[in-house]
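Comments concern the structure below.
A, B, C, D and E label the chains in the order they appear, each numbered from 1.
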Amino acid sequence: MDIKAYIALSLTLFTIGIVGVLTRRNAIIVFMCVEVMLNAVNLLLVAFSNMHAASNAAKALPTFASDAQIFVFFIMIVAAAEVSVGLSIIVMLYRNTHSIDVNFLNRLKN
Amino acid sequence: MNAILLSAIWGVLMMFSGVFIKSKTTPKYLAVAGILLLFIANALELNVFNTGSLHFNIDTKEMLNINSFNLTFIAVVLACTLLFFLLNGRDVEKVGEHVGEYFALIFFVICGVCLAATYNTLLLLFLGIEIMSIPLYILTGSDKRNLKSNEASLKYFLMGAFSTGIMLMGIAFIYGGNPNGSFFINNIQMGEGSMPVMIAVGLVFMIIALSFKVSAAPFHFWTPDVYDGAPTVFTSFMSTIVKVAGFFAFVRLFENSFGKVQSQWQNLIVFITVLTLLIGNITAVFQQSVKRMLAYSSIAQAGFMMLAVFALNDRAKEGLLLYSAAYSIATIGVFAVLIKMNDYTIEGFNGLGKTHSLLALCTTVFLLSLTGIPLTAGFQSKFFMLMAAAENTGKFWLVIVAVIFAAISAYYYFKVIQAMYFKEPGVEVIDDKEITGSFKIMLAIAAILIIAIGIYPELVVGWMYH
Amino acid sequence: MVCRPSTVVSLKNMNNVLQIVWLIPLLPLIGFLITGIYRNKLSKGAAGFIASAAIFGSFALSVFVFFQVKAGNTFIAHYFNLFKIESLTVPLEFKIDQLSTLFLLIITGVGFLIHVYSTSYMHEEDSKDFAKYFSYLNLFVFSMLLLVMGGNYVIMFFGWEGVGLCSYLLIGFWFKNNDYTNAAKKAFIMNRIGDLGFLLGLFWLISIIGTVSYDEVFSAASLARLSTTDITGITLLFFVGACGKSAQIPFYTWLPDAMAGPTPVSALIHAATMVTAGIYMIARSNVLYTMAPATQNVVAIIGLTTAIVAATIAIKQNDIKKVLAYSTVSQLGYMFLGLGVGAYTGAVFHVMTHAFFKALLFLGAGSVIHAMGGEQDMRNMGGLKKYMSITNITFLLGCIAISGMPPFSGFFSKDEILAGAFAKSPLLWGIGIAGAMMTAFYMFRLYAMTFLGKFRGTHDQEHHLHESPKAITFPLIVLAILAVVGGWVGIPEIFMHGGHKLSAFLEPVFAQSNAIAVKHEISHSTEFLIMGVSVLLSLLSLLFGLKVFSNYKRENEVPATGIATVLENKWYVDEIYDKVITQPLQGLAAFFNNVIEKKVIDGLVNGTGKFVNYGSRQLRWLQSGQVGAYILLMVIGMLLLFIIQLFIKN
Amino acid sequence: MGTFITFPELLLWLPLLAGIICFFIKDIKIVKAIAFTGSLLVLGVALISLLYTSKGYLTYNAVNYLWLQNLGTSFYISLDGAGRILTLLTAVSFPLIFLSTYKNNYKNAGAFFGLMMLAECGLMGVFVAKDALVFYFFWELALIPVYFLCSIWGGEKRIQATFKFFVYTFLGSLLMLTGIIYVYLHTGPRVFEDAVVSLHSFSLQSFYTATLSEGEQSWLFWLFFIAFAIKMPVFPFHTWQPDTYDQSPTPVTMVLSGLMVKMGLFGVIKWLIPIFPLAVPKFTNIVMILCIAGIIYASCIAMMQNNLKKLVAYSSIAHIGLMCAAIFAMNEMSLQGIMTQMFSHGINIIGLWIVVEMIEQKTGVKHMSELGGVAQKAPVLTIMLVIIAFANIALPLTNAFVGEFMMFAGIYQHSVWMAAVAGIGIILAAVYTLNMIQKVFYGNTNEITATVTDISFAQKLALGLIVAMIFTFGIYPQPMIDLAKEAVASLVAS
Amino acid sequence: MGITTISFILLSLMAVGSGIMMILSKNPVNSILWLIVLFFAISGHYILLNAQFLAIVNIIVYAGAIMVLFLFVVMLMNLNAESEPAKNHRLQLIAIISGGSLLLILLSAIMTVKEAHPVMVAAGNAGLIKTLGKVLFTDYVLPFEISSVLFLSAMVGAVVIGKKD
């Protein structure tokens, strides 16, 4: 497999995430789309790690491929933390307005 | 290193204090003590960092790079935070029930700031930025029953998460494009000639993400709304300390990773700088609310700070340090006064010069500093930035553009000054009980600091060459 | 004090008695200061006395100086440097020579008489204003003395402007009346226009030879450095200055208006002294003018034109002072004619005689006005002969003198000028004669309307008529005598060998010019002829004027038609100036003020501010408050950045 | 150096000290006394310093404190040439201003006089600075107090007017700042006394020797010139000026028109022409044409003014235009002229403003059409005004004559036509000045002017001093010329 | 075309398809379910890349914990398809166009790279739990500890925001 395939896939997923963020108004869905973006990155990182592993192996160099996978791990940690915060914000909002439409609130503008 | 660890520890301490201490005022003192401790520890580290005997000696596997420059920056940040606590401690208490937690979050932010200032790998950059951001989402929404606060929090969170995605994509591409397969910022192999496409793509993603964090146009859209919606104390905090930390991270990354191929991406920075200056300054002109005006002004100031990213030379680093100090102190000062106001519109300031001359005087000093009038720190910081940009040959017009916008900035800062001095006082603007003696003293100290740095910027810059 | 001996007649003695000439201007200055500062405390008598005494002191000194000079002791008194820079030194120096001495005598002499006259004439003023009047008068004399004594052009310019200032102050002496202050303003501004010419000439001079002292300017070395263009330009510019001060075309219109001032002022300033400053200046610079024939022609033509135009206007004026004013302009024209044709002595001679008879006429007119209770319209006068005999006689003598009847003073001076003109071109002479005829005509029209016939004023006025007091008649008498005999210092050669004492006296001043001037000798017979013609024609028109107007009746007046209307309206010059200069200027100023300033410049600056404000109002719509929109804009921003980075090469 | 107090330091710190003290005092009488005494002390210092002008006294007149060495700057101030004349003017002006407005009562007097003294400090700083950064510091510092003074104690429309003034001048000086930075980056290294070496230098001397190509100088010239032109102000950068003069309290207007405008001229003399020797000849004609067009333009507008203050304001623009043109004529004559004229103009315009202030105070109006006949009621005032007004239009024997004469002569040597056109300004000046005198002082009194009284003793004293100076320097201007001789010589040489 | 290629294509199609379905679903619950499908597809990719640890964590943490949390929240709020008002279609179009052009730009830039960079598929030991664990607790101990701060703040945040007062 060439890395380009992974890049293409990952970017496609990333774009799907972006388009989702842009088109949906439900805060939870928007947030989920962000998660899709993160997953696209994760996939790409793993693919890159294997790419580097392949090329280093070819040059008989030690591989540091684990770095990227550790990175992905940390991304997941952060994502989890973000989710907890994000969902509590959304819940708070819902409690106050009974809506999770991101465009419902726009007192702050101009 | 001291600051990172201590701030994390103190954050936990504050967290528990929230649970165990019922008094609302105690956490403030604890927080002040903590910041003082941090400051001292950091100062000691700065003092002896060559000998390396007096600080925690953890093997970071070179993931952190501690030098006098970033230690100085941390010192500045801590000093500003101290000032912030002393000026606004009482206002933090008013935001809600969880005073201890608020302070804990602020300490966590400080931890993130210190990370963002000292990181040596993209991983810690990412973690640092996230540790800075996540508590801020919470602090923004901490005024739970205020819909504006809720809205700001949601906006900030969604857009922040989005930008996290962007940044990660950037990191991924940089990692992928780097034949060394490393996340260390000084271990990115660029090759001869123009840089590899993947790195270029990653670099643009990084610029976008970091621009978002420092609220540079066109990624600034969250700033006015969030700054406006957040409880004013926290606006004060995040528009200053967090923002300059973002810049520090920005400069650090681009200096170490991409400094050599600066010419290949400078155009982007120029584009962003000009756009930021334009949007920040122009939009600020029309604002009626001082809080919102300050939000736009922070964008405008970010435009000036972008010059450091543009220039990336020693002068720029000095300038960034100065800017951090000058901008933070002044903005914290203005916000501290603003918080005491009953009316956040410019009319709310009417006649302050007659009713509260000291407050008005200090505010004037802060605003003059933000405008960049000589003898204030604001002038020195702008001056250093301009010099830095001018030293970077070839784009002198950028300096002139920056200066023109600086002149426009006088337009909105002076509106407040005009209101304070040249208009008749309206209804009771301030609850006098709020203005304690210590508050006045602190405000005066802040003003004096501004002037002291304005006269002798070596006070800040000198540490860099310690 | 440093004394520098004159180059003309060198006197090595540093202790030259003429060193004290600084006293001459100082006395009037002191008089000015005393009367000015203590004007509230001084009684009228004291003020008048101090002022007159100061002038008399100067006069006495002048007489002393005159005899010194006559004995050949000319001198340059050099006191200190007014300012001194690398490229130019301007010392405070006084040049005492024949020319300045002559003027000193005229100024202080006539000035003294007029001071005396004024003590009576101005007696109705408050003592404060009375003192003020005398202080101005003293200041004027001081400035005039500075003008003529100055050893360089800058000092001359000091006096030049000083007399302009005093003229302004005195014309507007009764400042409650807006017409008067307008007249004062007009005088000052017209003078300023001339001054600009003078100044530019001076700058020209400085830029080429770097000095302003007469002796250095007129030295052969300096003159050699001046090209023909330079000289012509400088002299023309000087002449512009002279035109302004001496009321020549095109600047003469201020002088008739200046009659708004008190009559003694008109006599002193606007007849005898200040207006002759231009003649003095050109006479002083005679070398330059002689070297610039083109300028000389201009001077002659302008002078002659002025003489004629003013004379024509004078014919139709009914205000007694206005007639005299136009007559003054006309006479000044003659003097310029004289200068233009190279008859410097003649011009200076005419200055002198004119000072006598014109001062006399004005003072006489003042006496009449005094008697008439302020009435100036001749149509309301008539038959004053029987009420005021001294005034009548002296006035008549003055009229004869100005008409050029031998052996009155006017005859000699005017004749010398006309002879000079004839030598240059018979055409000039011919026109000059026409002017002389008109002079005789309008002067006797004036005389006849005022003193002959029947009194045409009101009964009140008639009742009030009386001869003026001694302080008024005394100067009249003295001046009348001078008007008669004053010309005898310049009796032409053809009458008496060596009779022209004045010419001999002034010879050193004009020696340099005479050496280079092209001489047009005219034969004695021709000279007799032209003299005879001019006297005859003048006499005829004199008699004609006398005849027509000795029984003037208002009822006989027919409405003016044709050319008469034009003359009555002074050739419409004021109106033309208004249309051509004043109104366009005001239009331009209004355009600047209303359009350029308010719309363009302010508009640009405020427009920038408005534009920023407008931009602010528009840009804030970007901040729509909707997360989706924000992120969309961010994505578009990202697109832009990627395009810049990936597809636009540096 | 710097082991004892030098003259320039005294000139700076005395007003600063007095200003700071003023802020803390409530009693208006004491404040006035302190400010007045302070300004007198400064005057004393300035006068005494005149005794020490020769080269041997260098250490009395210059001091150099180490400051921000790594930037290559130092707190270098010294007293010489044009700077000395202008510090003298400043020192003379402030006591006069205080004296003439002694009777005025201001709300919050402590702040008022404090700011006035701070403005004096700023002005002094501009005139003695020998380091670009110090210069820029004081350049702005002089502006801030004046801005507050105008905006707090000014007329009805003060906020708008002064704000325009502020932003306009601020923009100008910021542009100059960029220019300073650019020049700085092209200066050679600087070695300090304590052997610290910096890469570039901000000192005036090294600015003079900066290596700038002709092309660079060309655009830098305009960066500097616009800042100065706005300050002076030269047509067409003057639009802030009439409104500001109109709206400011009169003492401040005096500072603005008498002293602040000199900052621009001083800047051109010291900080523009010697720094850009290659660019100056290229733009001399453009600048001079602007200046001279400005003379005619401003004079024309002055003729149209009914507002007394605006009339004086526009007349000031015309005068400044002449001075600026004279600088650019760049010959000994014109430069000597401008040096003397800077002093004279300062004195005269302050005198004019004193009179205007009195008229406004006594009648409450500033429109000339509503006035008239003041001469009958206030003869002393009238006499003073007439003298000052005639000095203003440069009549001989007044101080302005010598300066204008030399300036015109100098301009003439540069260009005949420019001198001729500028000369029209003389005529127009006479027109509007006489108009003003006529409308305000002459004619009959009306109900507004019927109750006017003559001026008080303090005002008489102030005006008397001004008149005395007018005549003293009119008759014997040589001391002033000698004071400037060296500066002129060095400028001409450059 | 080997088995890896085929599985890559299948997994990719599954990922992209479920992603698209997620953003197209009107009902939030359906979206969540589609997202879970997407996560599974990505986990499949991880396995293909021999990143076993990540594959497991992805399923457990993301699909298991996080998505369930989402599901709870959605159900708690009782949201359904009608609760989301229709969006401005023009804006949606602009969004899709800009998103698409972003993709195009990036792809067109990156696909110009000539040289091939093969990815090691179904091989290597980098992704093994053992290896990762070792690295995590030696080299990456600092970030690991630091990330606790993140969780602490998230926890505090949940308390501050979530607690009813």
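Here is the rule we go by: a contact is a pair of C-beta atoms (placed from the backbone, for glycine too) under 8 Å apart; a residue touches a chain by one contact, two chains touch by 3 or more.
Remember, it's a predicted structure, so these values are computed and weren't measured experimentally.
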Using the touch definition up top, find the fewest steps from subunit A to subunit E. 1
Nearest-to-centre chain - CA centroid comparison: D
Interface ranked first by C-beta contact pairs: A-E
With chain centres taken as the means of their Cα atoms, state the distance from subunit A to subunit B in Å. 26
Subunit B and subunit D have mean C-alpha positions lying a whole-number Å distance apart equal to 42
Whole-Å gap separating subunit B and subunit C, where each centre is the average of the chain's CA atoms: 77
Just the number, please: Cα centre separation of subunit B and subunit E in whole Å. 32
For subunit D, residues contacting two or more additional chains: 167
Residue list for subunit E, restricted to those that touch at least two other chains: 87, 95, 98-99, 102, 106, 109-110, 113, 140, 143, 147, 150, 153-154, 157, 161
Using the touch definition from the top, which residues of subunit C touch two or more other chains? 609, 620, 623, 625, 627-629, 631-632, 635-636, 638, 642, 646
Which of the residues in subunit A end up touching subunit E in this complex? 1-9, 11-20, 22-26, 28-29, 32-33, 35-36, 39, 42-43, 46-47, 49-51, 53-55, 57, 63, 65-67, 69-70, 72-74, 76-85, 87-92, 94, 100-101
Sort out for me which residues of subunit D touch subunit C in the complex. 164, 167-168, 236, 238-240, 297, 300-301, 303-305, 331-333, 336, 373, 375-376, 390, 395-397, 402, 405-406, 408-409, 412-413, 416, 419-420, 423-424, 426-427, 430-431, 434-435, 438, 441-444, 475-478, 481, 485, 488-489
In their complex, what parts of subunit E are in touch with subunit B? 106, 109-110, 112-113, 139-140, 142-143, 146-150, 152-154, 156-157, 159-161, 163, 165
Mind listing the subunit E positions that touch subunit C in their complex? 87, 91, 94-95, 98-99, 101-102, 105-106, 109
Which residues of subunit C touch subunit A once you look at their complex with the stated criterion? 620-621, 623-628, 631-632, 635
